[in-house]
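Which chain is which? They are A, B, C and D, in the order written, and residues in each are numbered from 1.
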Amino acid sequence: MAKSRFEYVKEFEKENYLLQNCYIIIRIDGKNFHKFSKEYQFEKPNDSRALNLMNKASLSLFSKFNDVIMAYGDSDEYSFLLRKNTVLYERRESKLNSIFVSFFTAYYNHYWNEFFPDNPLDVNRLPTFDSRCILYPSAENVKDYFKWRQVDCHINNLYNTTFWTLIEKGKLSPKEAENKLIGTLSSDKNEILFSQFGINYNNEKEIYKKGTIITRDYNYNKSNKEIENENENENKNKNTGKIFEVNLTERQKQRENKKIKRAKILIEHIDLIKDDFWKEKSIF
Amino acid sequence: MAKSRFEYVKEFEKENYLLQNCYIIIRIDGKNFHKFSKEYQFEKPNDSRALNLMNKASLSLFSKFNDVIMAYGDSDEYSFLLRKNTVLYERRESKLNSIFVSFFTAYYNHYWNEFFPDNPLDVNRLPTFDSRCILYPSAENVKDYFKWRQVDCHINNLYNTTFWTLIEKGKLSPKEAENKLIGTLSSDKNEILFSQFGINYNNEKEIYKKGTIITRDYNYNKSNKEIENENENENKNKNTGKIFEVNLTERQKQRENKKIKRAKILIEHIDLIKDDFWKEKSIF
Amino acid sequence: MAKSRFEYVKEFEKENYLLQNCYIIIRIDGKNFHKFSKEYQFEKPNDSRALNLMNKASLSLFSKFNDVIMAYGDSDEYSFLLRKNTVLYERRESKLNSIFVSFFTAYYNHYWNEFFPDNPLDVNRLPTFDSRCILYPSAENVKDYFKWRQVDCHINNLYNTTFWTLIEKGKLSPKEAENKLIGTLSSDKNEILFSQFGINYNNEKEIYKKGTIITRDYNYNKSNKEIENENENENKNKNTGKIFEVNLTERQKQRENKKIKRAKILIEHIDLIKDDFWKEKSIF
Amino acid sequence: MAKSRFEYVKEFEKENYLLQNCYIIIRIDGKNFHKFSKEYQFEKPNDSRALNLMNKASLSLFSKFNDVIMAYGDSDEYSFLLRKNTVLYERRESKLNSIFVSFFTAYYNHYWNEFFPDNPLDVNRLPTFDSRCILYPSAENVKDYFKWRQVDCHINNLYNTTFWTLIEKGKLSPKEAENKLIGTLSSDKNEILFSQFGINYNNEKEIYKKGTIITRDYNYNKSNKEIENENENENKNKNTGKIFEVNLTERQKQRENKKIKRAKILIEHIDLIKDDFWKEKSIF
C-alpha cells in the first residue's frame, strides 16, 4: 500500500516556535463560566470552594512543570509564567497551549467532587477552558502583566462585592443594583458598602481582593553557605539572554532540578503591585 | 487606582485568524499514551474499552459543534474536520485549539469509569492530550489527509497485531519479535500471522483495521421532496468560496441548524481510501 | 576566534512558508505616490507616461518569473499572481515579498528616463514601493480579487475624471469640485461629464477605465495537434492540489519551461469582471 | 456597480505586527551577487567602489529613518537596527521589509554610475536585493548579532584575501587555491600570506577586515549643560519597556526629532566585538 501518496499532507502542518529569550505566559480562562457558575450555584460574589478548586488544579499544574516559575489566578482564570529560556516542547505554541489547558481541565474535573461533593458534574455541562500563549520580552513587561491582572481582580471584586451586597442586603434587583453602580468610582463603592451596610472593604478576605500567587521558595531548608554559592553561580549566567541550556553540563542540570524539587511551593494572597513583592521574590 | 498604566501589556497578545475558505482539521493526540496505556494495563495490540472511550469522547465533541462535519480516529488520536467557511470563534487558532482539547479531555476523563470501572484514575497519571490546527485549501487535500491517517492505522495495526501475536502466541520476547519484523513487508506479516498462527488478518475487527469514522446523515428521516429542494438550494451557494454566512438570512440559518440537529450521527469502521466513500457522503 | 559564541542569534530568524496549494498574489503599491506624482508633475487625472512606465516595469518582472501567470495594474499599484503550486523561493514570504519589490523598484527607476526624459529623478525623491503577499485558496477567490481591483480602478477613474474636468474645464477649485461630488452615484458623475462638458465617459481610453492585464498566450504559434496533446496531459494533473513538481520528470519540466518561453505575452485593457474573460484565458 | 460583492477578498490580507518591546533588525542581501560581481567585473577579493556604493546607499537609508539607530554592512549585505519601541509603519512586517528593500534598491541603482562610471547597468542584470526582519528581545542579543556579522566579515575576508593572493600572486588555479585552504585555521592563512607573499594581514584596510558601522553621535556640537539635561530626561523613560511614544507630549517629540536631526552621522570601520565599542556608543 502506497503510504507516500498521501503523506504530502503532513507538510501543511505549521509549527510556531515562540520567539527565544522571551518570557511565555499561558493564560487559562473558564469557558462560559458566567453561566457555568449559575448552573452549579456558585456563591456570589465569591465562592471559596470554586477558588480553592482553581488553586488546587493550578498547583498541580505548577508542580508538574519545573519551568513554570510563577502563577497568578483569580475568578475563573489563571496565568502561568515560564522562564524566558525554557525549551519546553521546543517552545512550540500549539503544544504548550494544548498541553497546559488539557492538564488544567483534567485536574479541575478530577478535583471537582472534593470541593463540590453535593453538586456532581453533569456530562452536558462539564467545566472546560480556553487558553493562549503570550510573549513578553522583558521582566518589566511581565511584572506589569501580573499587576494588570491583580488590578483587574481588585476592580472586579469591589464591583461584585458592592453589586451583590446591594442585592442580598439592600434587596435591590440586579437591574437596580447595576444602575446604581453606573459611573461610580472605587471610593463611591467603598462608601456604599460602609455607610449603607457597615462593611469595611479592607476587611474582606485577601484571597478575594488580591487573588492567588504561586511561587517557589528556593531557599527553603538551605544553609547560608549554599545560598551564597548559588548566587555566585547564577550571576555568571544572568542576563546573557542566551539559550544557555545547551551548554549546561549534565551535573549542572541535575543540580538545577534538585534545587527546584527541594524548593517549597508558596501560595499567597498578597500585593504584587508594589515593588516590594518583586524585590523579595527571586523570579527575575 | 490607575488601571491604564499596566493595560498596555494586553497589546502583546496576538491572534492568529486562520486563513478563510480553508478547511480546518483539529487533531488531538494522547500525551504519552504509550506509557499511559501500560500504566492502566490496556490490552495489546488493541484495547476495545480504550477505543470505545476515545470514540465516546469524540462523539460528544462532534455533537457539540455543528461546524464539525467529519471526524476520524484510531489508537490515541482523533481528527476533527470543520467546514471550510466556519466562523467558529472567528477562526482564532488559540481558541479553537484550546477549547477542542479541553472538551476532549473533560469528556475522556468523565467517561473513564464507564469503560474502566476497575481501574480508577490516579491523579498523578490523568489522561491528557495535545492538539493542533491544520489548514487545507481543497477537498482533495482533506480526503488525502484522512486517507493518510487510515493508511497509518492499517500499517500500525498490522505491525502491532503481528508483534503481539509473536509475543503472546509465539512466546518471543519483545526484542525478538521486533527483530523478526525488521524489513518485513505487509505481505510478510500477513504470511507470518497465517502460516504460523492460523490467523487471517482480513478477519480482524474492522474497528482495528480501519479506525472509526463519524459523520452526519442529513437525509435521515427526510422525504424525497425535501432532499430535492435542498440540493437545489445548495447548488446556488456551492463552491463560491465566500464567507457566505454574512449574507444568510435568519430563516436560512435556522433551517440549516434544524437540518444538522435532525441529522443522524453515523459511526462507521469502513474504507475511506477508495472514492466510493467520498461519493456516498455529502461532505464536500 | 570563536564563531559559535554569537551564532545562536541566527535561530531568532523565522521563515513564514506560505500555505501550500494556495494562490499567492504579490501586490506592489507606490509609496506616497499622491505626493510623488505632484512633485514630478504627473498629468491629471491620468498620466500615460506614468502608466506606461508601471506597465513596462511590470512586464519586465512578469517575464522574469515563469511562475507569475497573470498581472493586473492600474494607477500606482500592480498585482502579480503566482500559480498555486509554485515553489519559488520555497514559498518563503520574506524572500518573495522583498525580491519582487526590489526588482520592481529597480526596473521602475531604470526606465524612468525613457518615459520622463525631461524630469530627471531627484535622489531625495526616488520612486519606492511597498508590497505584500496574499494567499487565496481557490480560483474563485483569485477571480474576485482581480474583479475587486478592476472595479476599484473604474470607480477611482470615474471620480478622478469628473473631479479634474470640473477643475480644468469647469474652473472649480479642488475644494468646490470635491464638495460637488460628495454623495454622487456613478450615474450622476456620468451625467455631469456628459451634460456639462459633452464628455461621454464610455469613450475614455480603455487603459484608464480598465487598467492593464498581463497574461501569456500559450497557444501562440502552435499547431492544433500540439494543443490537443497538451490539453490531455494537463487534465491528468489538474485539480489534484498536490505539489506535483516533485514528481515531474526532467523532461516534463523542460517541456513546461519551453512552453512558457514560447508563449506570447499579452497586454490588454479589457473587462475581467464578466465570466468571458476567465473562460477564454487558460489561467485556472 | 456592486463594489461590495468582491470586497470580501480584502479580509484574506494578514498583517504581522512585530512583537512590541523588541529590537527589529532588517537585513538586506544582494541577490545573486556572486554572479553579479563577476558580470560587472568587481575587483577581488574586495572592490572598494562596490563597498562604497553599498555604504552610500545605506547612509541614505539611515538618514531617511530616525528610528534606525545603527547599521552594519560588509560585502553585499547590510543590517539596519530599529530602536525597540519604534512604531514605524505600526511595526507591520511586510511594510517594513518591503519599504526598506525598495529604498535600498532605488539608492543603489541611482548611485551606480557615480561609482562605476565605465560599467553602465544592463537592464537584464540590474542589482536587486532580498531582505528580512528579525526580532531581538534584548540589547545583549543585538550586540551578539552584530558581533556575529563582524566575525563573519573577518572570516570571509581572511579566506578571500588568501584565496585571491594564491591565485593572483601564487599563480594557482581557483581549484588549487580552494584545495590548499581546506581545513586551514586562521593562523594558517595568516602564515601563508606572510611567509609566501610577505603580506601582513593586520595591515589590510580596516573596511575590509571590519566592515562598516553607521551610528549617530547625538552629543555633537552640544553644550555640557545640554548633555546633562538629556541624560536626566532619558533616565526617567529608560528600560520601562513600554510603548512610551503614546505618552510623549508634542514638545517632547519635537525635541527628540531635533536631537536626531542635529546628530552627526558617523561611518566607522572599527572593532565592535570588544565591549569598549558598546560602552562608548549611546545605542542602548
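In the analysis below, contacts are C-beta pairs under 8 Å (C-beta built on N, C-alpha and C of every residue); 3 or more make two chains touch, one makes a residue touch a chain.
Here the structure is a predicted model, which means the values were calculated and not measured.
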Most widely separated chain from chain B, with each centre as the mean of CA atoms: D
Higher-contact pair (C-beta pairs counted), B-D versus A-B: A-B
Numbering shared by both copies at the chain C-chain B contact, with half separating same from different: same
Chain A and chain B: spacing of chain centres that average the CA atoms, whole Å: 31
Computed distance of Cα centres, chain C from chain B, in Å: 42
Centre distance in Å when chain B and chain D are each reduced to the mean of their C-alpha atoms: 50
Sites on chain A at which at least two other chains make contact: 8, 12, 14, 19-21, 135-136, 141, 144, 242
Touch-based graph of the chains, sorted into line, ring, star, complete or other: complete
List of chain C residues in touch with chain A within their complex: 8, 11-12, 14, 17, 19-21, 242-243
Touch list for chain D against partner chain C, complex: 1, 3, 5-10, 12-14, 16, 31, 60, 93-95, 97-99, 101-107, 109-111, 121, 123, 126-136, 141, 144-145, 147-148, 151-152, 154-155, 186
Complex contacts: residues of chain B adjacent to chain C: 19-22, 84, 135-138, 140-141, 144, 239-242
